[in-house]
């Protein structure tokens, strides 16, 4: 603890930083050996460890770790010379990114790709695009308003998705309790958005007075309660058996008659349309009075309140907007997949959407959309490239590595990137959830 | 210590991950699609939860199908070659459409064993119907899957439904065990809730008083539920769910001093149930299952040894049914006179009459088995032993 | 009907559950105290401890327990092994998923996500390595009711779990309040910057905090696994409940976590006599919301520093 002992410790050879790093490399080698090794599901539970770790095959991995260590320590210094170059390129492109023309053109190009590319992929990937990617992108954009704009940690977000989905089932007459009228799922959209919005306000009003982590656990509880309700109230929701044969979208307007059937592409385009509209609306919102109020709340709630920002009102607004986006996604999902079960609305999914938002770059609409698309697509891609049983192991690793090297996400918002730069320089905390854990601790 | 130090320590992780992705890509490949000299190769896909929490169940099923395919190839009397392809739907209705679509989109796939779970089946079947692709499930027991309003024209199952099992169990409880007060507990899953509903309505019909309860699967901690039941004066507990929870539940019931009978379903009929409950708590437990005893015939006992030899573990619940489902498909393919196409296989399945190891496989027009028998098992001396078909046990 | 039927039996199992929750809740609360961070991967620490204990007990135990003394020895061995492996898991977790972020002054949400990633990784790795079937710990003692409390059987398992848990809780409380190490932890919890200026080695304090939480969580994991079974997904539900318990008692507050753990265990257990077990999360969270309405920072308030 004292400086003297610290000096003494540092003087020993095994405390030399370079030597201590061997441990990290060997450890990484062993982890890789474990992850790629045989599983233990057959026969005895210790088989996995016996054949994966306590077997000769672990040696090349340890040696590999040592080789990488040696390469990095002895020859790899040059690698770090590349870093300034990368930084220059990245910051240069970031500067150019700030030009509105460049941004508009890139968004346009992206949209064209999003429209044209799915025409040329297999039906499997179209299903993935319509059932998963589009839905999660929409969910992530919605949660981004809550957490990225207003800085509220919501762990029960998927509950609103459930509300949207079950509303679809209700108004299309697929639940044991019957609505006074049945509608085409298209027409359910405004109703579902309204319902999700109202439930967002009902949940938010008493709980938004709570701070950071308390809000997180209360919203988590709300998510669990909605889930248990869907699961247990068999007379209302059909319980775990789920709701099936939810009708597809259809339009019957004047002379236009169109039915969305099983093919995924038409659904994908509807979802894409909603995504574009929502992205546009939210980016307008971000730069409005409301958006600035959210930023003020996120960065310092007390100061915001002191300068006359009606914090509760704006927080409720963020909550309700996020909830209604989730509800919209719920309708699209229920109608596309045609079946919903309570197990699609568990806590894990709330957490997953949160991961998508942070991974993409909290606060940046484009980043969040990109992050959600990439992270939803990746496990499906991994399915064909690694043993599918292991793909979430890689997924977990990727998330940790990403948070270590790029905590601001794939495409951070400018404001947030600046906040994080300041935080890294030790100037201030980066979000409303408080300062960096253990801040001021680095020597 | 400086920042760089830590960053560098994390580099190997990143490098490792990249390397891994490379290794994994080369080492694993999907089955199927390879043609060889012995005629065209068809793929029989098996759809079920091969990853995730329910993977153990899905793997039991798909291994059964895989064994049937491997044996058919090895036998060498086919005019075509067969390949196996496992398709993972995580048992999740929302993931099932993508899985179904990947099967429909693979032109080598001639028929499907599965989907394993009822919810996933309900969500997948419309794709199969549209593509005229036969799916023979060995384990999706939800009665309403064959409801005419679904229009599932390519759906078949080699297993009796929950309504047969619920009715059989209720009759046995009322007429043979003569229980008067039954505690019906389900695991909150689609399967558990569905079976419990069938059981409860049949018990009420038989004038047995029923208390209903539900404990979510994965709870593991059954002490409170057990105390509640022990003091309720019930003389029988029927658990609708899977062995992973039935085991600890039976164990807790015994610890709480429950003296009545523990009874459960096909999801519990797994050697792991006895292991998890402990042999003393499992002793005497009655298990209903729409699956017959795989030891009953020579062919069936061969299956048990072959399965053990191939996968280094005992055949689990529905492994034998999946083996039959795959063999039924193969028999249907053999029965096709002209070119083997997806729709020809569907047609052949409709009139198939195949002697499987668990039962005579013959379908009604809606895809249900012609005869649906439910069997009873009892845990004796730590092993699950066969008692017989329930209707015979009641009659005799 | 409600509460009257089998009240004592439910109370007993509530206390047993509560003691496990308390052990795990301490892990959340300790880490929250010093880092203001929800350690989402703590449920996997719990699971690691259970597997560690299982391995050691499985390696040592030959046949059925020969005597009471050897049973006690095996239980102690398993608990220590569980605590050890829990501590190792927590230590590695801190090194791999937290420290690099701390070095780079990453924002709190990045820590949360990193923890979620670690949890994903460990959970799925365990599923792969050990299979997805639950595994029973070999029987190391003969389970039977030890005595009856107003007619409710009290199993020796319950007594063992509660006694071991209470011993560890008291020991931890002594460490936090009486030792130099505990003073360091409290100092960091109250004001990290000042503590570091006053010469507290913060890295060490943080690692120690993780290890302490891991010891308790791992031991809890073994006890839970011994009473029920061990599986890759065993951590999720107790982890969620323990986290709720920690918030209930006042997150960051050591004694609060203990109070919250026992309270939640008992309320949940007694609640089941009124409504079906399928509503247990609804019961738990309703209690939480009601408590937070009246005491916004939990029953005993927030700060670890104030625990003394």
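When the chains are written out, they are named A, B and C in that same order, and each has its own residue count from 1.
The rule is simple: a contact is a pair of C-beta atoms (placed from the backbone, for glycine too) under 8 Å apart; a residue touches a chain by one contact, two chains touch by 3 or more.
Just so it is clear, the model here is predicted, and its values are computed rather than measured.
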Chain pair with the greatest number of C-beta contact pairs: A-C
Chain occupying the middle, per Cα centroid: A
Distance between chain centroids, defined by C-alpha means - chain A, chain C (Å): 28
Cα-centroid distance, chain B relative to chain C, in whole angstrom: 35
Chain centre separation (chain A, chain B; CA means) in Å: 33
Overlap residues in chain C, where contacts from two or more other chains coincide: 96, 100, 103-104, 127, 131-133, 276, 278
Chain A: positions in contact with at least two other chains: 35, 41-42, 231-232, 389-390, 392, 397-398, 400, 404, 442
Of all residues in chain B, the ones touching two or more other chains: 1, 3, 7, 9-10, 13, 55-56, 188, 214, 216
Partner chain B, residues of chain A touching it in the complex: 17, 21, 24-25, 28-29, 31-32, 35-36, 41-43, 65, 68-69, 72, 80, 122-124, 126-128, 131-132, 231-232, 234, 239-242, 244-245, 262, 264, 333, 337-341, 343-344, 380, 382-392, 394, 397-398, 400-401, 404-405, 442-443
Residues of chain A that touch chain C when the two form their complex: 1-3, 6, 27, 34-35, 39-42, 45-46, 48-49, 52, 147, 153, 206-207, 209-210, 213-214, 216-218, 220-222, 224-225, 227-229, 231-232, 347, 351, 354-355, 358-359, 362, 389-390, 392-393, 395-400, 402-404, 407, 419-420, 423-426, 429-431, 433-442
Residue numbers on chain C that touch chain A, as the complex places them: 32, 34-38, 55, 58, 92, 96-98, 100-114, 116-125, 127-133, 135, 188, 192-193, 196, 199-204, 206, 240, 243-244, 247, 251, 276, 278-279, 281-282, 284-286, 288-289, 292-293, 296-297
Touching residues (chain side chain B, partner chain A) in the complex: 1, 3-5, 7-17, 19-21, 23-25, 28, 30, 50-51, 55-56, 59, 88, 92-94, 97-98, 101-102, 104-105, 118-119, 122-123, 126-127, 130, 142, 149-150, 188-190, 192-194, 197, 214, 216, 311-313
In the complex, chain C residues that touch chain B: 5-6, 9-10, 12-14, 16-17, 96, 99-100, 103-104, 127, 131-134, 136, 139, 143, 145, 152-153, 155, 157, 228-229, 231, 233-234, 236-237, 268-269, 272-273, 276-278, 280
